[in-house]
Amino acid sequence: MEKIWIAILLLSPLLGAMINGFRFRSQNYRLAGSIATICVGISFFASVALFSKLLGMPVESRFFNVSFFDWIQVGSLSVPMAFLVDPISIVMMLIITGVGSLIHLFSIGYMSHDERPAKYFSYLNFFIFNMLLLVMGENLLIMFIGWEGVGLCSYLLIGFWFTDKEKAAAGMKAFITNRIGDAGLLLGIFLLFLMVGSLSFSDINSAGLSEDTGWGMLTLALLALFVGATGKSAQIPLYVWLPDAMAGPTPVSALIHAATMVTAGIYMIVRLNPIFILSPNAMFVIALVGALTAFFAASMGILQWDIKKILAYSTVSQLGYMFLALGVGAFTAGIFHVMTHAFFKALMFLGSGSVIHAMHEEQDIRKMGGLKKYMPITHWTFVMGWLAIIGTPFLSGFFSKDEILWMSVHSPRGSWLLWLIGFITAGMTAFYMTRLMTLTFWGKSRVPKDVHPHESPISMTLPLIVLAVLSVFGGWLGVPHGVSSLLPGHIPHLLEVWFGDLIAPIPGLGKANYALEYSLMAMSVLLAAGSAFAAYKLYTEKESLLAAWVQKAKGLHNLVANKYFVDEFYHARIIRPCVEMSKALWEFVDVGFIDKITYIVSNAFQDLAKAVRMTQNGNLQRYALYILAGLFVSLSFVVWG
Amino acid sequence: METIVGVKDLVLGAPLLVLFFISILPLTIKVLNNNKEQRPYAVLLQAWMGLIIAGSLYFLQSPDAVLGAFDTALIFDGVNRWMSVFLILISGFCLFMSADNIQTRGSQFSEHTFLVLSSLIGMLIMSASSDLIVTFIGLELMSISLYVLVALSKEQVIAKEAAFKYFILGSLASAIMLYGIALMYGSSGTTYLPDIGRIVSELLVEDVIYQIGSLLLLVGLLFKVSIFPFHAWTPDVYQGAPTPITAFMSTGVKVATFSFLIRLFSQGIYEGNDFIIQLLQVLIVLTILVGNIGAIIQSNLKRMLSYSSIAHSGYVLIGILVLAVNPRDGLAVAAVMFYLFAYAIVNIGSFGIVSLKEKDENKTVFVNDLNGMAKTKPITALIFTVFMLSLTGIPPLIGFFGKLYLFSSALQYEFYWVAMWGVIGSVISVYYYLRPVVNMYMREADKDIEFARQDLNTIGIGICFLLVLLFGILSSNVLNSIQVSL
Amino acid sequence: MISLVLFFPLAIALILAFLPKYWVRPVALFASILEFLFSLHFVYHFDKSTSALQFVEQVAWIPQFGISYFVGIDGISIWLVILSTFILPIIILASWTSIDDKIKTFHISLFVLLTAMLGSFVAMDAVLFYTFWELSLIPMYLIVGVWGGPRRIYASIKFFIYTMFGSVFMLLALISLMFMAEQQLGQMTSNLLSLYQLNIPYIEGAWGNPQALMFLAFALAFAIKVPMFPVHTWLPDAHTEAPTPGSVILAGVMLKMGTYGFLRFAIPLFPEAVNEFTWFFMFLGVVGIIYGALVAMVQPDIKKLVAYSSVSHMGYVVIGMFALNAYGVTGSIYQMLNHGISTGALFILVGMIYDRTHTRKIADYGGLAKAMPIFTIAFIIITMSSIAVPGTNGFIGEFLILMGTFLSDKAMGVAAVVGVVLGAAYMLWMVKKVFFGEAGKVVKETKLEDLNTRELGIVTILIIMVFWMGIYPKFFLDYTQVSVDHLVENISSYSLEVKVGE
Amino acid sequence: MLSSIGEIGLNHYLILSAALFCIGMFGVLMRKNALVILMSIELMLNAVNISFVAFSRYQNNLDGFVMVFFVMAVAAAEAAVGLALAVAIFKRFREINIRFFEHLKG
């Protein structure tokens, strides 16, 4: 029975993509949009149905493992086209299809005056299909299909307005950076296959691999997988493609680069958490990279002027948090932060989308300001998202982020340094988010004369409202133990209960010291409030003070504003030498060396031929001389030889 | 022991006698109606009648009998029978060609036929003889008639020069050979090959005279098949001579000389003579290289084909080299004969096409005269391409199987280096054999090519073309029938 | 049945010679489709459970040397036969308008080339294989030489001499194998099944080590044909100068004769030499991948870029084979098919633009997507297949090859994976330059109309194949499974039998 | 005076014929005049005749003498043809020095 549900769930977005694909020339955005939204809606209802069915099942057998046909059958590798729906994947599926359908609805309005709406919706549906493949795959290889499929879709969608050279280049950059990650993932898959002999998740997790405290084969495999994750979830060093990916339409950024695709890396690590636990070194690396990414991304976010770039760096920073959580072993907190982040980040992206739509494609916040009165709904929903992200108590951001901060200290794999980095980043997050709010919505209006911002239509504001509600109340799904003990009625940590034994416990986790937890929580709330207030003041009245600070820290300001020159570094140190080398290779090895040898050989034969021709000079006696010389030489051999 | 010329000898010698009388028939007819030249086809008819009779006489002999005539001076065994039939076929085709070619069709066609037939008789004697002096006489009869044949061409300048060069160098070489024969006679006491063969083992050890003699004899013969140091005359003479005669020389002389070389080596004259084996290896490699490399930049088609014929005699010599190691290797003899058969067909065909292109006397055919022939004369272009590819040794044509058999016998006796260079030589040959193909198919004709109507010649070319294709696939039957008759 | 499939094209070539000009093309197309249907007979009657030779036909050809006309099909060669017969109708369709002079000779050489290729895939006798191997040179030489671009003569003669140079050494090795058969098996034979029984002496490290020398002779001939790194320079020249159909058949099928040769001759005949030289050939393969990808990145000409990309792809096939495990070898056979289809399709598409714009310089292009949307979609799908995006055929092949290589030699595996990234880089870079961005010189000047029905038909067939082989590869892999396992398990003493009851 | 010279053996004749042969050879190589070349070839053939006779005398069988007649016959035929050719060339080229006909080369 659930086999049909899963088939419908997967195939309806594919079907939607096909329908829109074949009529890609049609201008009727409403028809195309509605087909796409309905298809994703069907998947959403199917996942809700599966979710309810899973709820009813007993804890230990709470999964569906459905195989359709044998995909690859070579040697001892047998890969069935099989799908696994269990607590982890159902959560991801709900996020993808839920947030996805909201974003599809939003896109109808957003894409109203685009010339190729059908093509856009077919790509979007194809993306959902690939993302579902990724999360529902029963083995690493099906996951890998979804993995590269979403990479392909992000390439197509980022480069959707391909007539513009930068946008096409951004698409290509995204695909190639993802590909570098995928190469790492491939190596990880091979190493795992070498150790376990099968690629299916259940076999790998239950293979009983030994603890690998050093840098053994297991740690290398896990690090290779992590390289794949950094490629897809935009961590250092492969995060450069995400800010440029903002070239795509805003709903795309909301869906792909906030809610779903970028979380693929986290899903994979959570899916394989039993073996990640076995290698403390790998987890330490993950945690460290996560923390550093969070810190640097946040710092870069502060000085950006493009509304979508700020949100992009904020996403990279939040992803850094999630990897920090995974690195210290708080897998549930990681997934919980994925969910809450999906809500408020999608909300903010869509909010920025409606702002850009209203401001006729204007994305620079220096030309905005005071939009509060023009766009009330967008403004208030944006405020909800803002409050959630900076971690105001009892909103979704607060629960998930503080859980991560607390675990980064409390977990044996964590350390005070990690907490400190997280703590400072939380402050910075509050600062840049408030800066964004003040410069776009509050403050005095810097809107140029000819632009008249107006509120977006209902089809765009409805998803905003729904997401705002989710951002506010989403937090209650995973109330941390420390907080729940304060509140009456002791609300359980629903997600923890829901995942049950799928998440391996962290070895050596001590008793929670609530006092320390509360003090840390209080400190982070105070820091957030303080930096938010500072940002508000700086960007409304104290412009001069801001300018003075910028003047004083000239070098640092320039460095951070130019994103630490990372792009230029990559270009200068990796891409250009690579192109130079290939030019040199082609010049000197192919044309210069190998072809030269063929020329040399053929010229040698030409000269030899000329020499032979010289010997034939037509003189009779010269020929007689050859004969007698030949004779004389052989005679001398006979007589003296 | 007295040697009486009995009836048996006459019967066996009948083909030669028939050919002799037929050769003087056209001359006598010409003299009888006071020197008025008959029409060329009449002369041709008479010549062909003689050839058919001689050919059928050969077939009358039972296939595996080894018959000796004139006190076994001439031995008619399997090898000789095949070679003689080849020679008769070759001279037949060449007469076809010369009947149509401008340079040879003129007023002296009956003299031309007489000389061709007497040269044929010389070849037959040479291929049948097993006595050094009889070979010398056969060789001289062949060569002298060829010297005159080359000079007989209507074209004034280069034919006379070629004839004179051929004459001087030819007689020099035969003088050397004769000196060799004298020394061998001196050291062994007889010129009868089987006798020499029996006493050669103890002769080799101490008798330097014999070694020098056998070397000189070999040099004389190698000159005839234009092996490396003695090849210099070939390009000039083949280019100078009229095309039918070039075809006749490049195939007939080679077949006759190689059949005598087979007789010589299989009697064990050079068995165990390490110096000769080393010398032959060096000469083979050098001949193949000089032949192939020399042909690369030739712009004159006939000159290119002459260089290629040098290279091909280098390949055939591999078979003789194998015979030097093991005189009784039937496979090597069969390989040599098969290669000669393949080479003869293709060469006559190619020279036939060259003579097709010669409309007036002093028109030399250049490689880029063939430009665009694929458009104007598609069939001739195809035939010429097939000939070139067979010379290169591309399967499934006959040339490839000839090379395959030769290289297998070479590798059987561990002549790795010889096989290596032979193979590299055929790769080099690809370049110049494909140049005409390039001109025909890939270049546009600046002026239209029109051929003289030469129907006899076209029949000859057509037959060669069919033989090349046919015996490419069925090469085993030819090889089989040769082997059976050894 | 094989002889029918093998010699039917020759008969057609003969018939075409006498047909009037305007009948040549339809008859050729119909005959090639017929030929494809005949070849499907093998797929239908193929017994997947055995690794033995099937549809065997044997006739003594040259008894003195033990050479026989001995043909058969097994798991390794079945799909290559089908690929050849599948590609031909597509080529004839693709060249419907682009070839206009001497079309009779063109189609005759196409059919002779098909016989030569089919022959080399089914020949189980060494000399017969060599005959078909060399025979394939002539028609290809004519196709490149007569209908090619400006430097066609240089390119065609270079192609001919390169391949011939390699194959003549193979001939010597072949003949010495026949003599070894005479010593060890009593009578000289070039029948492959008995040659497999030979144990060719392998003297460690000695200069004259027979097995190593023979292996290298065979390997040289096949390496030139594949083409592998140092001897590949003939391929870009041949491709840029060849007409579209020439490039398609050259890249589509002829390169596979080299890799097939490795699988059928070089690896099974000389097991010890293979073990010793595995790392060397894998190294060359990997160098080929990375070198091909890097040089492809800077090519100004689309066709040269695709040519270097096929050097890179064939590098994969080679390292897959020399991984000597089930994944690598199956992957390499599968990659041969994929390369045939995706690179063939690429050349057809490039040919289509070339027919419209008569320029192949990437710099002239730009913004093609706006002018020719359907063409762009087709090109992007084929590009995805050639850079091995999952869901397309390229991914299956490359995944299996990379897994096989990684399992047999980690360092090579890692280096090969780099190729995956470079592959994406140069292809997408080219797609960006040609299709996206502002309208380039070509789009502004010439009026480009999108694909017509004929072209659309060809492209759809190829795209269907790409997705079928990507989504349900089991159908294809089942055929090769047993033969590959048989080859991989007893590499050291490989032997093949004829299926009983044939 | 004669007896002091001692017995004239086979080697003397061989040396004589070898010397004559070499003289003939140098004649062919050095001289420019066509007729002189013809003559030197005749000289080489006669040198061979001497060695034939010498060998036949010292092996006292008659084969050598018979061969001499064959050689002489062949030499005569060659001379005839050679002279005919020389005359034909002289008529055409008005020049007997062989340096002049080097048209065929390369």
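Here the chain labels run A, B, C and D in written order, and each chain numbers its own residues starting at 1.
One rule holds in what follows: a residue touches a chain if its C-beta (ideal position, glycine included) is under 8 Å from a C-beta of that chain, and two chains touch if they have at least 3 such contacts.
All of these numbers come straight from a predicted model, not from anything done at the bench.
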Spell out the chains that contact chain A while also contacting chain D. B
Per the C-alpha centroid definition, the whole-Å distance linking chain B and chain C comes out as 44
Just the number, please: Cα centre separation of chain A and chain B in whole Å. 80
Counting in whole Å, what is the centre-to-centre distance of chain C and chain D, each centre being its mean C-alpha position? 67
Separation of chain B from chain D, taking each centre as the mean of its C-alpha atoms, in whole Å: 27
Multi-partner residues of chain C (at least 2 other chains): none
Of all the residues in chain B, which ones touch at least 2 other chains? 164-165, 168, 172, 235-236, 431
Which chain A residues touch at least two other chains? 613, 616, 618, 620, 624
Going by the touch rule stated at the top, which chains touch which? A-B, A-C, A-D, B-C, B-D
Chain C - residues contacting chain A, complex: 158, 230-233, 236, 291, 294-295, 297-299, 325-327, 330-331, 367, 369-370, 373, 384, 389-391, 395-396, 399-400, 402-403, 406-407, 413-414, 417-418, 420-421, 424-425, 428-429, 431-432, 435-438, 472-474, 477-478, 481, 485
In their shared complex, at which residues does chain D touch chain A? 25, 28-30, 98-99, 102-106
Chain C contacts chain B in the complex at 60-65, 67, 102, 105, 127, 130-132, 134-135, 137-138, 141-142, 145-146, 152-153, 156-157, 160-161, 164-165, 168-169, 171-172, 175-176, 178-179
Taking the complex as given, what residues does chain A use to touch chain C? 24-25, 69-77, 141, 144-145, 147-149, 152, 155, 159, 162-165, 168-169, 171-172, 175-176, 179-180, 182-183, 186-187, 190, 193-194, 578-579, 581-583, 585-586, 589-590, 594-595, 598
Quick one: which bits of chain B touch chain A in the complex? Just the residue numbers, please. 164-165, 168-169, 172-173, 176, 208, 211-212, 215-216, 219, 223, 228-230, 232-233, 235-236, 275, 279, 290, 293-297, 428, 431
